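After this come two complexes, each holding subunit A, first together with subunit B and then together with subunit C.
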Partner chain A sequence: MKSLFGKAALATTSAALLLAGTAFNAEARIAGTVGTVNAATQTQTFNLVVSSDYITTPDGGTVTIWGYGEVGKPMQYPGPTLKVRAGYHVVVNLTNNLPGANGLTTPMMPVSMIFPGQTGVTATGGSAGLMTQESNGPADTVSYSFTAGQPGTYMYQSGTRPGLQVDMGLVGALLVYPSTENPDFPTKSYDNADASFDREYMFMMTEMDPKIHQLVEFGLINQINNTLTTPTLWFLNGRNGPDTLFPDFASWLTHQPYSALTRMHPGEKVLMRMIGAGREQHPFHPHGNNYTVIARDGRMLKTPASATIDLAFSDYTFDVTPGTTFDAIFTWTGQGLNWDMFGHVAGDGSSCIPDAQGLHSVATDPNYKEPCADHLKPLPVVMPENLSLGFGGFWRGSPFIGALGALPPGEGGLNLNGGVVHIWHSHAEKELTNNDIYPGGILTMLIIEPYGVNIP
Partner chain B sequence: MNKTALSLLIGALALAGGSAQAATFNLCAGTTSKTMPDGVVVSMWGFALDDDANLTNGCGTGVVQVPGPALNVPANDNTLVINVRNDLAEAISIVIPGQDATTMTPVMQLDAQGRPRVHSFTHETAPAAIGTYTWTAVAPGTYAYQSGTHPAKQVQMGLYGAVTKNFVDAAVGVKAQAYPGLSYEYDNDITLFYSEVDPAHTSTIEYKPQYFLINGDDGLIANLNPTKVVVGQRTLLRLINLGLKTHAPMINGMHMEVIAEDGKAYRNSQLQATVVMEAGETVDAFITPTVAGSYALFDRMLYLTDHFQMGVQATAALNPGTLAVSLLALADSDGDGVPDVSDNCTLVKNTNQRDSNGDGYGNMCDADLDNSGGVVNSADYNLFRQRYLTSDADADFNGDGVVNTADYSIFRGLFLKPVGPSGLVP
Partner chain C sequence: MNRIKTSASSAAVLLALLGASGGAGAVPFTQCPGDIYMPEVINGMPTGNLVNGTDSVPDPFLRDLAAVGQPVIGPNPDYKPGVKCMHLAAGDGFVNMADGYLQYMFGFSDMTGTDSSQAMVNGLLAAHSPAPTIELEQGQEFYLNLTNVGMTNRPDLSDPHTVHFHGFPQAMDTFDGVPDTSISINMGSTLTYYYSIVEPGTYMYHCHVEATEHMQMGMLGNLYVHAAQDQSVAAQPVKDCAGATYNHVAGQRYAYNDCDGTTRYDVEFPLQLISFDSRFHDSSMNVQPLPFANMKDNYPMINGRGYPDTAATGPLPAGAAQVENGGIDSQVMNALVTATVGQRVLLRISNLSVTNHYTVRVLGLPMEVIGRGARQSRGPAAAGLVFAASNTAAYGNAGANLAYKTSHVSLAPGEGYDVIVDTTGATAGTYFLYTTNLNYLSNDTEDFGGMMTEIHLNP
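What follows is the complex of A and B.
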């Protein structure tokens, strides 16, 4: 992919560029848009339209939503992830293409955008609303502009009746990358070595009360009582589990383009950008290891004088609160298992040469980053017979990473590379359902793939 | 001694600085009602502030309000005394979670199985009685007082209010300090008290609040305390949540520097766009706007509509609902802490606002000594020369008591320019 950013950016990311293929999503980075980039004037322009359409839920249902979408592309939930570079001038042109109530051509309601966490946002066009300028129709474009501030994870949302419009879908992510980074191929999220990563993923948590959406669809907005909102659908990146596992831009999820499947190699640093974009708190919970929280609301957890992110802390369940973003670094090596997760046996020619962390240091070996303390240690239990097991689609027939074992006909199939799989989910258990049907909701998987498996 | 004299004496005692005093507040608990936006009248319980320090005759002109009167304990007072007259039909009490109380004697009753059950965290004040509650080591910070008796019911009914105390109070030349340390200095403070109303009052189990209040207001609070938020000045937001729901105030347009929770300062402050307040929690946060304008502070839990509003929003009145506050940050062009709209010299620093001739132009920008209006000209220059080395108040621009070379250099800067500008003179 040709970067839309200037030569300075190319220089800093030449290695990433060489590896990049031609597909939009060729690197393990967060799907989104950089808009129209003018490197000469350091401006990124986004043209967005709010319109109404349907999303699908894994039980086969559909829900009416309002969503932001780029001009010429499907509207989507959540709105397009806007990826900008710190210091760039950002222009967002917003047009309201909502249908009219009861057949009227005037939209049922004005819409707008606010960018909490950014300073000096100006809005022109449209008409004045309570929080910002609002667009009242297809011919009424509001232009929001600001200079992208400090790097970090932010959200944008409707500033017009947000109690209703955020539930209807008018919310999205704004990612500001350091000025030295190319948003197409980022390597760190803040101007600090502690914020460097190998891969980054977004986890935007929202929820919906379908009753509200039905009333909107039927033109009965007047009957909505937001004080009695009772969500029954919970979303990660705009999808309910297990749809969260489908790839970005899956063709059958036209209006829900963003995956939440997380893949990594052992020892890699994964940046988790967690965003509370709905109206409820969600205790998001990775299995496999603790993560280290490094930033909140786009501000590093550090004392002003410190060169490092000295206030970062380790945790494994954190309440992702509405209006709040958390950046966390997650890694996994299998260290401390007390058995050889590769299933090595003496004489098989494998080696383990520890680095400073005690992990195998030869990057060309298939067991790169293996915890050497456990090298050659046998699995401490006898694997039960298949007749004694219940099967999930991710079970590969072997406890060892990169290994596949015999499975009964019809079992397995979701873990073709023999990765180690962990569930990541909201620990508020009701949020693991889709309208009371388990499994669903805020649920996705982490797959730790063996080295040699290309993670797109 | 008559009542007026008594209250004057108490006022004088309260003003006596230096030595530690007891801060005493006299309250009446009583009933009131609030009319909600849909016209529903909700009966509530609240507190009134007595007008004469004599509770035996009731609270006089004091009006029962929800939340109750904000109690600000002077920084040099360690002891807080709340006397309360109970005009309700059931016993009440007052507790301040987070503040050390001298003694707390729980009140129990026996349930049907004969087991003792606590129904009050501390001693009660019976109907028509006057009770006293004392705290002898009041810590600085943002707190709330509330009923400690049947709190699941009485707090929901409205028996709550703010208790605040600075580490250092503001005085001439001294900035207020919220907590020990210069990093906690601030210029202004705003208390935002979040609560909710479930008009059914059925129970806290089936709790479904229909109205969401800030400082007891059931509607949008536009431009709250606009004179308090000034560009370049640091405003302390004292956020208190006595509702039963979690609230998450989010500010649009800047970050808040969150400095304290439940009246205790963090070891390190944190910049946040959103703060989280669970039930009963208080949060202190600084904001320092750098750009003049309106800043929305709204509950990101999206409790933004009252029960009624959707019903009337069919037409153009797209009212966004409650729990949204618009903080209007006023411009301060000269950075003297006085916002332009009320600054008698908008472009010259004059924190003391000295205006000896009272024409609305501060002396620092008023060399129009003949009050002819318009441009400072040679007539003004002649007057200045005549008054040179005198103590003429008008020609003493810097207010140091004498018209000297310092004033002359100010005069030269103003010569041949229009008087002002002043925010007080259109």
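What follows is the complex of A and C.
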């Protein structure tokens, strides 16, 4: 294969790649790791360790978890997002560094990895387990390898006592990019023009019952009954709302590195990689517009002979079931509002010159991509006076995009650029809580920033 | 309310004056272009007079209120045929569960047609289950006035409220009703939402303030939009479809602008699946900590009633709720489906439970899923995932038809499905629509009831 991951990526370490990416492109792509890339042999190698540590929850608590982590880096929840290129040989070396139970030096139980959706996975080394080879200690490394056959959104989980270990945190995402794509700067998720996007984001949904984690911490694993678990914490990318809004690798969330904040400009195409990585169903509801579901479990929704993703469908809530992944494309232009979303008035010097889609075509204007059919149309209603209103932290103080209106002291403040903000959340609203405290859980925000606001 | 001699004054100015003269929230400031007149009611009795008012009903004509008979003196210049308005009050109240249990709830009531000056009074203890149905036509401009009347039984609770139009396409946060991203309306005040209705389909609405609580408490309602294709001319190819060969039949309606009649129906019924956890509701009424994670809904319902109340026509026998509500019947909607043999029945099914997935089945009649997520079940019309806008030519004829026949449909919370039940050739009689999550065929400890209703198929 001639194409490489990029000049800088060739034969570099994952650490260097990660740093390079973080420096200038932290949110436009999905945070993760490409491992150690050997372009000559078309191999990506990941060295992972399972260990125990704590995550924090927004209600002020901490929870003991087990997590995968890259060697030399903090363990994390979810595990590192493995970003590989289709056709590459993937090697994952896994070592068990869990603490021993009751003073024993060997880990309290073995751990492993399975790769749903991949075929031809081989496991060597380690110890024999039921579903796959397992690691049973720091000196017992198991090596999994497979060829990433088809692009798509996948997950990996523990294959050892998964009812317990996945709740404990042993789960992560595996993203396979088309062979022509650079996993660090991808432009499409499948070998099909319909799968192209401007930005991609991951939404991995999980849940936890803290009681299980307490029993594990106290060494009372035998008292756990997985059939009776009652989750009280729900996660997006390993964080509970509103922690989901903090940036990737926020320093105070050592073991929860992945943000779920979504940002875009009007008219851009956002790829949503939704992953049901826990044990419950989570109906994910994007405010702002329908999304178009284009793939399930790493396969495009298309008939074999079609050149396009012809079985894609539009929906406003889609149920992400345990063990499945769904890819969807979301876009937003504000077309059809019947009022000027910029609040333009005649004589203000603004213009709207429609492109083929009817959106303003002058890229240097702040109202680039404005729906021209609504240009200069006044807001049809009078907004109530401030005393009558409650204000959200993301409220601009103005009905118009890009405008920041006056708000009472202490109100607003989270929407620095006057973007249009929509909540994206599980529509099983029970899951919008953290240990009985609302709001939280599977909840994040989409910010549609006006053009002129740089989104890294 | 003053009677006014008609002038051509702008309704907007008039409304602004009314709002201003009302003082701080005394009279809800509703906005509805063309809304000038309404029937006068004194002490609950209609006088037969028209007065100027703000009842959220547009008036096509100006009248001389001072003259005998209040004759029409001309068209109302502010009247626009495509404008629809509603006025909802948000507050609390009581409902009767099918087993007689008295249930406290939060909810909406319909103040449309009531002078806004009365809404703060009439909206008290008037929470309805389900919330008043919002039925719209594609192409309409919709002004939705929301007045927060406060919680009579929870004077400690000064919660604002919102309306979230669930599934609205290309939504602006300004009118999306999410308190975290925009604004919510405080007690005693009124917020007017504006929507240009561009896409037909089955949506839903609910309050989004402290969504887990306010939705569990019952602020949930049906919302759907009729397709512009309904306006087609009989015996002519259906409207706005280039090259369409399907001829419109008078009286026929369409769930979507399908261009080929595949979503045609004769009668439609919204069926909203919801469920209450009475322990949560009781905790709320008694100002106790709310058990969010331990929610277990014990009253599964369709359109705010459990079976057999779902299939009862007319008002339910007055129970404890009417006493608590001061006589207000808060469950005016049923879930009975009635049709005659040969009709195509459109079921607009939505799930607004905050806890449970529900699967529902129609026993003995075929179901066909023809839409979901307020879109016809069609693949993209062209490369680039382009779904032709539903008001453009050849919408429905493009893209793979993804409709399918089934005997059940499964809905996650927040999902909506359009199902057509074709009764051609069926035997007249009573059929049942019910959840196949069989433990939810219960009204709490009554183990036969719950999420079930009847389909009365008449010869």
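Here, the second predicted complex is superposed on the first by the 431 of 456 C-alpha atoms of A that agree within 3 Å, B and C clash if a C-alpha of one lies under 4 Å from a C-alpha of the other, contacts with A are read in each partner's own complex, and residues count from 1 in each chain.
FYI, a residue touches a chain if its C-beta (ideal position, glycine included) is under 8 Å from a C-beta of that chain, and two chains touch if they have at least 3 such contacts.
All figures in this text were calculated on a predicted structure; none of them were measured in a lab.
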Subject >> Side-by-side fit of subunit B and subunit C on subunit A, or clash >> reply: fit
**OP:** State whether A:T160 touches subunit B only (first), subunit C only (second), both chains, or neither.
**Re:** first
**OP:** In the three-chain superposition, say which chain, subunit B or subunit C, touches more residues of subunit A.
**Re:** C
Original post:
Taking the superposition as given, does A:A307 touch the first partner, subunit B, the second, subunit C, both, or neither?
Top reply: second
Original post:
Is A:E449 in contact with subunit B, with subunit C, with both, or with neither (first, second, both, neither)?
Top reply: neither
**OP:** Between the centres of subunit B and subunit C, viewed from subunit A's Cα centre, what angle do you get? Round it to the nearest 10 degrees, please.
**Re:** 80
**OP:** Based on the superposed arrangement, let me know which partner A:N290 touches: subunit B (first), subunit C (second), both, or neither?
**Re:** second
**OP:** Return first, second, both or neither, reflecting whether A:T119 touches subunit B, subunit C, both chains, or no partner chain.
**Re:** first
**OP:** For A:D340, decide between first (touching subunit B), second (touching subunit C), both and neither.
**Re:** neither
**OP:** Name the contact category of A:G298: first (subunit B only), second (subunit C only), both, or neither.
**Re:** first
Original post:
Does the superposition put A:D327 against subunit B (first), subunit C (second), both, or neither?
Top reply: neither
Subject >> Which superposed partner A:Q281 touches (first subunit B, second subunit C, both, neither) >> reply: both
Original post:
Across all Cα pairs of subunit B and subunit C, what is the smallest distance in the superposition, given in whole Å?
Top reply: 5
Original post:
What residues on subunit A does subunit C touch that subunit B touches too?
Top reply: 281, 303, 311, 319
Subject >> Complex contacts: residues of subunit A adjacent to subunit C >> reply: 193-194, 230-232, 281, 283, 285, 287-290, 292, 294, 303, 307-319, 329, 332-339, 341, 379-384, 387-395, 399, 401, 420-423, 427-430, 432-433, 435-439, 445
Original post:
Across the complex, what residues on subunit C touch subunit A?
Top reply: 12, 16, 24-25, 29, 31, 33, 141, 143, 160, 164, 166-167, 169-174, 176, 178-186, 188-194, 196, 198, 203, 209-213, 215-216, 289-295, 353-357, 372-375, 377-380, 382-385, 387, 399-400, 402, 412-416
Original post:
What residues of subunit A sit close enough to touch subunit B in their complex?
Top reply: 109-110, 114-121, 129-131, 154, 159-164, 166-167, 221-229, 276, 279-281, 296-299, 301, 303, 311, 319, 321-324
**OP:** Give every residue of subunit B touching subunit A within the complex, in rising order.
**Re:** 208-210, 212, 220, 246, 248, 250-255, 268, 270-274, 276, 290-291, 296, 298, 300-307, 310-311, 313-314, 318, 320-321, 324, 326
